[in-house]
Each structure stands twice: as structure tokens, then as C-alpha cells.
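Each in C-alpha cells, the structures are laid out below.
Below, chain A partners chain B and then partners chain C, in two separate complexes.
Then we have the complex of A and B:
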């Protein structure tokens, strides 16, 4: 059965690039241009994997990631972060939010700092989905 | 009235990250989310005779802005702040207004050097606008000693509510009213004194309201040419921020956004927080 992947990025060039790579590998891709739209589409479509940017309008990937990982019905969906924001910043921000009273959240399945090569992206997605039993 | 989300508009000429950091006291009163906006003016990349649309130039300008925003966002994210960014091509005023509305910003922060655009934004929004003048030596903590300039209009009432929302970061508020020269023209001394008395009473009432909220304040009455007297009040009372209401049609909008007040917005060394009538 065809796997659904949601790509959230405010840069439409990135959404197009990721969609092209993943569609060639046989996945169905749903695009979202900001964190709010992504969350709505995740709830509506329950994708098999999420590729998430961090610095986005309306709701950042940091907040969205936290919402996903603290939502019982969504927390098992694997998340690959694809962002120009460093992994170190991502982890520190999550620590800071936990210190402010939030729930601790696990690290993402994979963290890729932009840019990414098409083959590496396809391979990463395939590996994460295999690990999750896909 | 809380400032949860701030829209920080920069052209990378006047407002930099240090200017934004000077506003981080707002976190103590509820600021959670900062949106960065840079507008690449259309004429920088638009169709040019013989060369067409300058796509490479747009890519370069976007990347210059993007690299700054990523750097700034990393600084904020690491402290637990929420952050977003827009880099858009077009006319600055409509882009600022549309992003502010789309993001439901509680405060727009802009620079003052492009006077016409700043004034146009002020004319067309009901979101409070901070015209930020940042100088680390003069206004490292701009919210500590604001001057509230009141003309008793409803936006000034809103400005008072705004100050109350900021109470935890205020040290002292100076409340000022200027009796305009023209309003006393032809009046005798007793009539003028009566006006003075009425205005002092109203100033006292504002200070009482602030005091009830636990905010330290003092009032001062001035008379004369409005903008000149505001400038005098600023220099007399060690002020860190000017706060005023602006109405759509009334005298304040005309005064603040007219040619003399435009000069004040442009020339003042201090940040100016303008609170429009509720939308």
C-alpha cells in the first residue's frame, strides 16, 4: 500500500524538491506551508511519516514537533526534521520548553541540516519507514 | 490586552538583533512569539529593460535575509521562544499589514528612517506600532520609564490599558497632557486657569488608575505648541519610551502623523509606541 508523507516547509521550492524525490520513490506526498496547516493536514490524513522544517510562519516546527510528540494519537508518527536550523538549537529549545514546564519529548527519528541530496533523502525515508514496520 | 506575538520588520539597515533583544523584557509580560519580516522592494528585482526579472538578484537578497533570520531564530529558539519568518517581494506597507493580520500580531515593530512607509503603516492599522529607535546607551530597556502623552481620546484610554498590561516591566510612568496654544487663544487668565485645573484633575485620575494597578507614576501639564512641548517633557523627565494613542480622524492622528509630528517620529532618539483606536 502506498505510504503517505507530509512535508511541511514554507519554502515552496523545498516542498517541490522533496515531493519530486519521494514521488519518484513511490510515496504519496502532502505539502503544507506552515505549522498550522501541517497540523490540520496531519490530523486529517494521518501520514506515515512527517518531514518537518523548523522556521515557518504561524507555528514553528519546534512547537509543532512538541504538539505531535505529546499527542497520544500522533506521537508514533516518525518525524524527520529537514531544516537550516541546527540540531543543537532544536535540542536546546526543546530542553528550554521542558524546563518551562512542558513534557519531555524524544529526539526526532532523523535530523537533517539543509541542504540534502536527493538520494540521501530517499534512503533516509525508506530506512525510517522500514524501522517503523513499513 | 497582552503582547504575545510581535512582528519585527527589518530592512537590515536600522533594526538588527540587538534592537529586538532590547524588547525581550516583554517576555516577562507574556511575549511568546516573534515573527521576522523582510520585504525585498519590488524595484530591486523587478523587470529591467533588456534584462527582465532579476531572479538571481532575488535569490541573493532572499539568502542574505534568510541567513540573518536563521541566526536570530536560533538565538530565540534556544531560550524557549517561538519564532517564524517571512521574506517577501513587493511593496513594504501592504506586506507588513498583511503579515501582521495573518499572524494576528499584537505589536508591530518597525524602524523610523523610511518615514513615509512608517507613517502609512500607522495610518492603516489598528495594531499598536512601536517605532523603534535603538541605541544601547540610551534605551537598553525602553519600557522602564515611558511617557504617556494623552489628549483624552479613546485611543489614549487604550494606551493606558496597554501600559497596565506592561506593568511588571515599568518603573515609572510620566503622564503628560499639552494644552494646545490654539485652544486658549482669546481666553482670559481665569478661563485658562480653569482649563489647567480641569486637565490636572484628569491627569490625577490617570495616575490614580495606574496606582490602583500598582504602577508608579507622576503627571505634568504643559502648554504651548504640542510637539515642542512633548519634546520638552521628554528631555525634562529622563524618558525611555514615548507612548501615545492615535485616532483615525481626530486631532491626535493629525498631530502625530502630520508634518511636525512626523518629524518627531523621525528625529526623536527614543522609541515611540503608538496605540491606535481598536479595530
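Then we have the complex of A and C:
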């Protein structure tokens, strides 16, 4: 069965680019332009993988990631972060949130710093999906 | 037991008196003549001596003199012959404490001795009082001296300059701080100069007037003084007229050296600037990374489309490339505008026309997003000299910000508007751009002009308001912002007429 992948990024160029790469590899792609829209579409469509930007309006990837990983029904969906923000900064922000009384969340499956090469992206996505037994 | 020396040449008398005196509780020492009596006196130093006036060899008067020489505080009672008033008076003149006439009765002797003892006791008390008093005076003097020294040290070690004058304005205190600030050594001014010679004229005038008419305190103000060498020093100054029991006795002035503070302020500005540059570099890097992603993505999409011969996809890819080239050129233009040192190109123009033009440009975008543009132009402005291109950029930036603020607003029930106003207030031209969009919190407001900062995600360069502020400043004007989160913002630009 064709896998569903959700791509959340406020830069529509990124969504278009990632969609093209993934569609070429045979996946079905759902785009979202901010954190809020992404969460609604994740709940509605139950994608097999989520590709997430960090700096987005309305709800940032930092908060969205935390919500995904603490939601029983969503936490098993693998998340690939694709952002211009460095991995270190992202992890530090998650640590800070944990310290402020949140529960600890696992690191994302893969963290990619922008810009990303199309081949690398396709390879990463297929690896993460096969690891998850799909 | 009190000691008592009894000198008499008659042995029987010595015996009788000794017995009765011992009974009264005295320790009695006896001697049969003056010489021996003095020997005993010197050895035993009794407080009371009883001396017969008529004795062979040294007489009683002589013994009295000697005893008083040795210890003037000894109570000496003289025993005279009956009716010998001359000797008695002589003895009293020589400071004898009493005299008894022979034959001496026990009662008379007892009374004389009691009186003598009372005198001794009084003297003792007086001595103690005096001693205490002396100590107290000494302690008080030392305390005053200590306080005076302390206050002197306090005045002299103060980092601030302290200058005190008498009622004529002649300088009487000039501490180290004052030396440092004014550049005069203390000895040159103290009791040698009047404040008129040292202070700036207005300051001296205020104080001299205060001294003659009685005056107020001078509260802190920032000013400057001239040193001995004529160098200008920034200071904070305050002063007071001094009164004592309602009389004017002088003045005191305080000077706080502002050179160090000014230097620190400058350093702070510099370090903030450095921090801003660091932040700028990283935000430009971040922004460029995003554009680069877009460009690479566009190339990939176009490439893929070419291989497939898919024209629709090729168009998407090509548009991505165009859009990101556009973003990069915007960034570069903003950067150039910001870094460019340029004088405004003044020419006669109509501010209302510029504002109208900008409204026209924004009309379509506003309409697409359901935002109403309200124009409120003051027709009295007419023609003024401005840099039309600069002002155009300022208004364009403020208006597109206002429209974005409405687009970003999450309260979809609002009827959004952006208002552009012009006004003339005396010699000042006022442009005002306000909106009822999302507004800003304190954090955003604070960062607005200080660093490259954007709330618009991928869309903003974080440079727009900096460029705007720069143009306004080049015109000698000011820009102010009022904003409330969820209610909207108002930017007010004031530019002085030339």
C-alpha cells in the first residue's frame, strides 16, 4: 500500500520540493503550512511519517514535536526534522521544556539541517519507514 | 582608722590626749617637738595634725608651714595659749584648719576633729568629682575630635567633589574629588578663592544669590564645569545653602564626575552594536539557508519535470527559482539600503501624494486579504522639501507591516483596517500608519529597532524597520510605536520641516 507522508513547512517552496522528491519515490504527500494545520491533518490522515520544520507561524515545530511525542495515539509515527535550525539548538530547547515540568521526549528519528540533497532525503525516508517495519 | 599626729612638748598633755583620742578611735602618733614631729609626718603622712604653738626649738607656726609645704591638704589644728589671738590669726592665715585654746576640753577637741574630718571627706569628694569631670571633658573632647576627623575623612575621601564656602562664597572646603574634577590643588583655593573664580558663571551667580537672599537647595542637574586648564568636564551638580540657628553661614556644592559614566555608556553602546552584528550575521545566514533550499528545490523540481516532459511541474519549479531569486535580491537591496550612508535627496514634493501613491500600491494586497485602507490626509501640508524616495520607502514598509499584522491576526471576527494619516503640527510633518491587526507583545516591541529581527518567518528579512528608522533619522526625524497585543499597532513618524 502507498505510504502517506505529511510535510509541514511555512515555506511553500520547501513543501513543493519535498513533495516532488517523495512523489518521485512513490509516496503520497500531504502538505501543511503551519503547526496548527499539520496537527489537524496528522490527526485526520494518520500519516506513516512526518517531516517537520521548526520555525513556523502559529505553532512552532518545537511545540508540535512535543505534542506528537506525548500523544499516545501519535507518538509512534516517526518524525524527521528538516530545518535550518541546528540539531543542537532544537535538542536544547526540548531539554529546557522538559526542565520546566514537561515529560522527557525521545530524540527525533532523523534530524536534517537544510539545505538537503534530494537523493539523501529519499534515502533517509525509505530507511526510517523500513526500520518501522513497514 | 584615721591617723592623727599630736605634737606637744609636755609629756603629761600628750599622754592625756592620746588616751582620749584613742578612745575616739584614732591611731595617735606623738612627738615632743617640731623636728621630731616633722620626721613622723613625713614617714606616716597622717591626714590630721594637732600642733601646740609654743614649743622649744621649732614653734607650732613653723611646723604648720612645713607641713603645708609637704602636703597642703593636711588638716592642721593649732593649740594656742589662752588669749593668744595673734598667734591664732597668724595660724589661720597660714591655712590652719582650726585653733583650740588651752586648756583644751575634750568636747572642743572632738568638735574640731570632726570638723577636720568632714573637711577631708569633702575635699576627697571634690577631688573625685573634679577627676570625673576632667575625665568626662577629656572623653567628650576626644569624641568630638574623633567625629570631626571622621567627617573630615568622609568629606575628603568622597569620590564626588565637595566644595563648601563661607557666607561670602569664599571656599573653605575643597576635597580630593573637587581637586580631581576642577584640576586645582586644595591649597590654591581654600581661603584663597571665591566660587566666582572657580565655578561656571551661572552656577556661581545662583549660589551667591542664595547666600545673600537666603535660598533653596539646588537639585541634581547635568551640566559641565571648566577645569583650571579650561577643559570642559561633564558633571552632575547639586548644592545647598547652609544655615545655623536661622543665619546663613555658607554653602556646599556636590559634583559628580560623569566622564567615567559617559565612557561606560559608550562602551555599552559599542558592545551592544557588536552583539547586534553577530546576531545579524547569524540571521542573514539562516535566511540565506532558507533561500538556498528554495533555489535548490526549484532546480530539482524543474530538472525532474524536464526529464518527464511535464510542463506543469516545470512551471512550478521555475516559479520556485524565480521567487527565491526575488527573495535574495530583496535581502541584498535591504542590506544595501541599510549600510548605505547617504544624505537625503531633498526636493519639493507633496507628502500627501506620496502617501496616496503608497496606498495605491498596497490596495490589491489589502483587498485580497479583506483589509480596508483608510486615508486621512491633512490638506494643509502642501508642498515641502523631503527626500520623496526615502519617505516612499518608509511608508511602504510601515504599510506592508500593517497589512501583515492584519494577515497574521488570528481573530478572524475582526474587520481589519489599515489607516494612513498625514498632519502638520507647526514645523513638523507627521505620518501615521496604524492597524487593528495582531499587535505586538513587549518582547517584540523591545527588539523592534534594536536588532535584525523578524516575526514573519520566511517572509521577512528583519531589516525593513531598521531601514525605515535610518531614513527617518537621516531626515532629522523620529519614529515611535504604540502597540497592544491583539489590538493593533500605531507607528508615528515625525519629520521637521526644512
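The rule is short, and it goes like this: the second predicted complex is superposed on the first by the 134 of 134 C-alpha atoms of A that agree within 3 Å, B and C clash if a C-alpha of one lies under 4 Å from a C-alpha of the other, contacts with A are read in each partner's own complex, and residues count from 1 in each chain.
Just so we're on the same page, a residue touches a chain if its C-beta (ideal position, glycine included) is under 8 Å from a C-beta of that chain, and two chains touch if they have at least 3 such contacts.
This structure is a prediction, so every number in the text was calculated from the model and none was measured.
After superposition on chain A, the partners chain B and chain C collide with one another.
After overlaying the two complexes on the shared chain, residue contacts for A:89 are found with chain B alone; chain C is out of touch. Contacts of A:71 after superposition: neither chain B nor chain C is touched. In the superposed model, A:116 lies in contact with chain C only, and not with chain B. Touch criterion met: A:21 reaches chain C, while chain B stays clear of it.
When the shared chain is aligned, chain B comes close enough to touch A:97, but chain C does not. In the superposition on chain A, contact is made by A:56 with both chain B and chain C.
Taking the listed stretches 279-287, 297-305 or 351-359 of chain C in turn, the superposition on chain A shows a clash with chain B for 279-287 alone.
The intersection of chain A residues touching chain B with those touching chain C, taken from the two complexes, comprises 55-58, 84-85. The residues of chain A lying in touch with chain C in their complex are 10-11, 13-14, 16-18, 20-21, 24, 55-58, 84-85, 114-118.
Note for the complex: chain C touches chain A at residues 286, 289-290, 292-294, 296-298, 300-301, 304, 313, 316-317, 320, 323-324, 408, 410, 457-458.
Interface residues of chain B facing chain A in the complex, by the touch rule stated above, are 35, 66, 69-70, 73-74, 77-80, 82-86, 102-103. The residues of chain A lying in touch with chain B in their complex are 34, 54-60, 62-63, 84-86, 89-90, 92-93, 96-97, 99-100.
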